[in-house]
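Read the structure below first, then the notes.
To keep things simple, chains are lettered A, B, C and D as they appear, and every chain counts its residues starting from 1.
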Amino acid sequence: MNRVDMKVDLKGLEMKNPITVASGTFGFGREYEAYVDLNEIGGIMVKGLTLEPREGNPVPRVAETPMGMLNSVGLQNPGVKAFIEQELPYLSQFDTKVIANINGNTIEEYCRMAEILSNTSIHAIELNISCPNVKEGGVAFGVKPEMVFEVTRRVREYSDKYLIVKLSPNVRDIKEIALSAEEAGADCLSMINTLMGMAIDIETQRPVLARGIGGLSGPAVKPVAVRMVYEAARTVKIPIIGMGGIMEGADAVEFLLAGASAVSVGTANFINPRASMDIKEGIESYLQRKGYASVKDIIGGLRF
Amino acid sequence: MTTGILSKIISNDLISSDIYRIRLERTPDMGNIEAGQFFHIKSQDSGAFFLRRPISVCFTTDNEIHLVVRKSGKGTKVICEKRAGDSLDLLGPLGNGFRLADPDKKILLIGGGIGTAPLLELARQLENPHVKVLLGYRKDPYLVDEFQKYSKEVLVAVEEGERGYSGYVTDLLKQEIDHEQPDCIYACGPEVMLKKVQQLGLQYQIETQLALEERMACGVGACLVCSCKVKAEENGWHFVRTCKEGPVFSGSEVIFDE
Amino acid sequence: MNRVDMKVDLKGLEMKNPITVASGTFGFGREYEAYVDLNEIGGIMVKGLTLEPREGNPVPRVAETPMGMLNSVGLQNPGVKAFIEQELPYLSQFDTKVIANINGNTIEEYCRMAEILSNTSIHAIELNISCPNVKEGGVAFGVKPEMVFEVTRRVREYSDKYLIVKLSPNVRDIKEIALSAEEAGADCLSMINTLMGMAIDIETQRPVLARGIGGLSGPAVKPVAVRMVYEAARTVKIPIIGMGGIMEGADAVEFLLAGASAVSVGTANFINPRASMDIKEGIESYLQRKGYASVKDIIGGLRF
Amino acid sequence: MTTGILSKIISNDLISSDIYRIRLERTPDMGNIEAGQFFHIKSQDSGAFFLRRPISVCFTTDNEIHLVVRKSGKGTKVICEKRAGDSLDLLGPLGNGFRLADPDKKILLIGGGIGTAPLLELARQLENPHVKVLLGYRKDPYLVDEFQKYSKEVLVAVEEGERGYSGYVTDLLKQEIDHEQPDCIYACGPEVMLKKVQQLGLQYQIETQLALEERMACGVGACLVCSCKVKAEENGWHFVRTCKEGPVFSGSEVIFDE
């Protein structure tokens, strides 16, 4: 069988294939090197970074829900400087795009991180304006169009790196949010981050998560994610990296048809450490079976 | 390049109320298995439960691995109801194992409930004639006969039941420390038990190794949901990963909350 | 064993037990009479009504998703008048609360329906300001606090019936929405309606639903629903009827602990036509096992 | 008061490529079963798939019901992989059945693919010596021998295969209408086939009964997702429920979209 062309061009970021791994679900890559050849992944969104190191939230930080999970890691990470010194050299060995996911409590923090990262070998910045776990910031930036515009515009000033803005699904209208990010200068959108949810242990009568509320991910959210990608793709001209519950090739194809130019694999890694590869192969065999020469041929191909 | 290993169930026996011993085929890609390590388990009929479940290795032979599982929730129910011939999808072995003490050391193993399981493989691997084992159960003891094979003595405590000392296994611990003056205590069981072991270890300056439980997602160190608080220079503490730096921690480093 | 007291008092609406069946999932009751003694249900939210009869959306109207389903029925119903003439007499035979779910394209339509229903034997009106399937109205009312306030306040003027406002989860901040409904005179909140989602058939490359986007319900949404009920319950003083993915007694208990005074069973009816009864019994045996005398003892009982 | 009935599988046999015939125990609470009715099926290991799946009754005896299921997606895969001794959770029988024509009428049955299944029970129940059966398959025919027992003649059409007429079953229909002048045509199969049957029925003024498929949730008439367009005085059409007013509709009332 002929190999199909899996290259994607996110208007400024070219990837050898449309598979990325989602921030917070793939550590800094090392943890999965025994399972996946990192050279085979289009791009790696690293664990969410903050300006200073963070220990994150108390445990339990995870709850299983029907076809999904809640997490409240709360951005445990070594800080942007430790990332550059200790993790980036490792990641830079591989032929994959390194995408730094940044999280600030203030616009200034976002800008400062963008500035610091601009002088490194990372390929892109992913502006996480939607992490629901950080009390001080996160939510506020991601859910109001004005704020999305403001934080994106400011960060844009501090960095020439390819800028991905990661959108929160906990909004009234994803279209206006997507548009704000585009107008403020984002090169790309990634979506969706987790939906806010809660699970209660009825024996102890306490929330399963120590922090009560956490972020829902996994197959349960896929219909919401596909819908939002579809709505955003019809609204903006910049490319979209779609994610939310992608477990197999068929799920990824849904996102591509809905208008995503690439996809990201998150929670699936936890169940199948080779999920990213299986999904890549799943897309390939779909394309082959349907007779497409390139993955680009199905992006946004949804018909009514 | 490994991923989850499909391993066939050789037998699955109920060995106590709600406790199952599952014998599985050991495959070469599992490599070396240390006592204290765990497998992260998924059922093939995906959809039955979502996340993998961490289960310790209880016993190994050249061709088999044995798990002892307590049927408690959704996932362990599915796992425990599998029959001979069915397969489980095992990721692992994962985590660190117990650091094996030299064979001339005096060793005390203390296990509570399902926490007794990983100590059996430990007892086997220690190959040490000075091992003494304390086992605590709520009601019906299990695995006791086998522990006897790998130790000089086994004491059993039950909270409600006939066999052995009637009370908590930690009640036995104090007197055994006085009596045996062990060089090292290995413990696995409920947190209250581990706290007690830690406290006595510190008090009597005995090295303790504690096998902890924490809710996990990835099991391989990537997701950071399984954090365990350990002592650190800066700030007094920091979080490490139970699935990667653990599940076995030194009693001198773990910080139990309140 | 002693029977526990299952009566709940929704401040103006007393029910023999906290079990209701959700609008759109139980028809007008008749369809389930072979399976459930309708006298045993606390309250029945009837199929969403409109002023005029509606045929609804084209088929397919349903898609299965991971632990959930999408629907785009689009309010097929015989209209409020036919309901009163043909369905209400049947429902009134039973010792259960009949709750009329109303849907308008305009505030005037809502008011008109409330007025018409005021002179009937129904026990409560459920104002559905959140149905995502009706292009003309629905969404707009439910997602902005000002609109929620306005439609609730106006309907309140037209009817003295117990007024339940049904909230949409497709919002930025459920707390401000809940507060608006309370301030405008709602007696009770019911939540959540469906999340907007989409599923794509990758073979045909078309959406599974003829209308593309539909409403997600079932266990997949439970964590979002529990979280929203929890947030709303801490914000308003009026009672809440919680729903979203309740399949068994344990799920219902989660909602009660989170602060709901009653629950509603929706999608579960489709999988198990006796779900409402099984859930009722599940709550009872939980209460008995835990030694509670009344279901009221666990409402809002979540601890941290 | 009935709910889903747990019914045990007596046998499950592959009768053609991806086609399974599942024999289940018939229980008294199933009551009377009409040809054309369906059971709404859930697997006991809930989580495997979410909504129930509608499957027609293919054949009944006093003690058994037979389903013929095509393994196509997630749900039918699980159902088809069940083994003798396993149980399925059946809700039903649901829907209307075919209206049985008098035994003196000349009857034509036409089935396409898996749509042949419900016609077998119909043929049995019709108890009519004048039944002629047209069966269309993509490749390998099934159930043909049994149809022969309950009819005077069976004609088979295959799109790609050896046996019978090579082409669409609807190709046979026209010539049979001319030849037999049937009083009533019963049809089940893909929509294009049903459209053709409807059209010929109207053209030759023959009564047609068409068994339709539509995606379902509740199966009992409550959720209104399974709407089927039928002719009506006002507005020309209105929606009725395939699960309740159907799945069998008169060809004179159904409106197929474009």
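Criterion: a contact is a pair of C-beta atoms (placed from the backbone, for glycine too) under 8 Å apart; a residue touches a chain by one contact, two chains touch by 3 or more.
Everything quoted here is computed from the prediction, not taken from an experiment.
Student: Counting C-beta pairs in contact, which chain pair has more, A-B or B-D?
Tutor: More C-beta contacts join the chains of A-B.
Student: In angstrom, rounded to a whole number, how far apart do the mean CA points of chain A and chain C lie?
Tutor: Whole-Å distance between the two chain centres: 33.
Student: Would you kindly tell me how far, in whole Å, the mean C-alpha position of chain D lies from that of chain C?
Tutor: 36
Student: Report the inter-centroid distance (CA atoms only) between chain B and chain D in whole Å.
Tutor: One centre to the other, that is 55 Å.
Student: Which chain D residues sit where two or more other chains touch them?
Tutor: In chain D, 47, 49 touch at least two other chains.
Student: Considering chain A alone, which of its residues make contact with at least two other chains?
Tutor: Residues 63, 65-68, 218-219 of chain A touch two or more partner chains.
Student: Treating touching as the only link between chains, describe the layout with one word: line, ring, star, complete or other.
Tutor: Graph shape, chains as nodes and touching pairs as edges: a ring.
Student: Can you identify all of the chain pairs that touch?
Tutor: Chain pairs that touch: A-B, A-C, B-D, C-D.
Student: For the complex, give me every residue of chain A touching chain C.
Tutor: Residue list for chain A touching chain C: 63, 65-68, 70, 143-144, 170-173, 195-200, 202, 205-207, 212-213, 216, 218-224, 226-227, 230, 245, 250, 253-254, 257-258, 286, 298, 301-304.
Student: In the complex of these two chains, what residues of chain B are touching chain A?
Tutor: 1-4, 42, 46-47, 49-52, 74-75, 91, 214-228, 235, 238-239, 244, 257
Student: Under the stated contact criterion, what part of chain D meets chain B in this complex?
Tutor: 45, 47-49
Student: Okay, in this complex, where on chain A does chain B touch?
Tutor: Contacts found on chain A: 24-27, 31-32, 34-37, 47, 55-56, 58-69, 71, 73, 76, 218-219, 267, 269-274.
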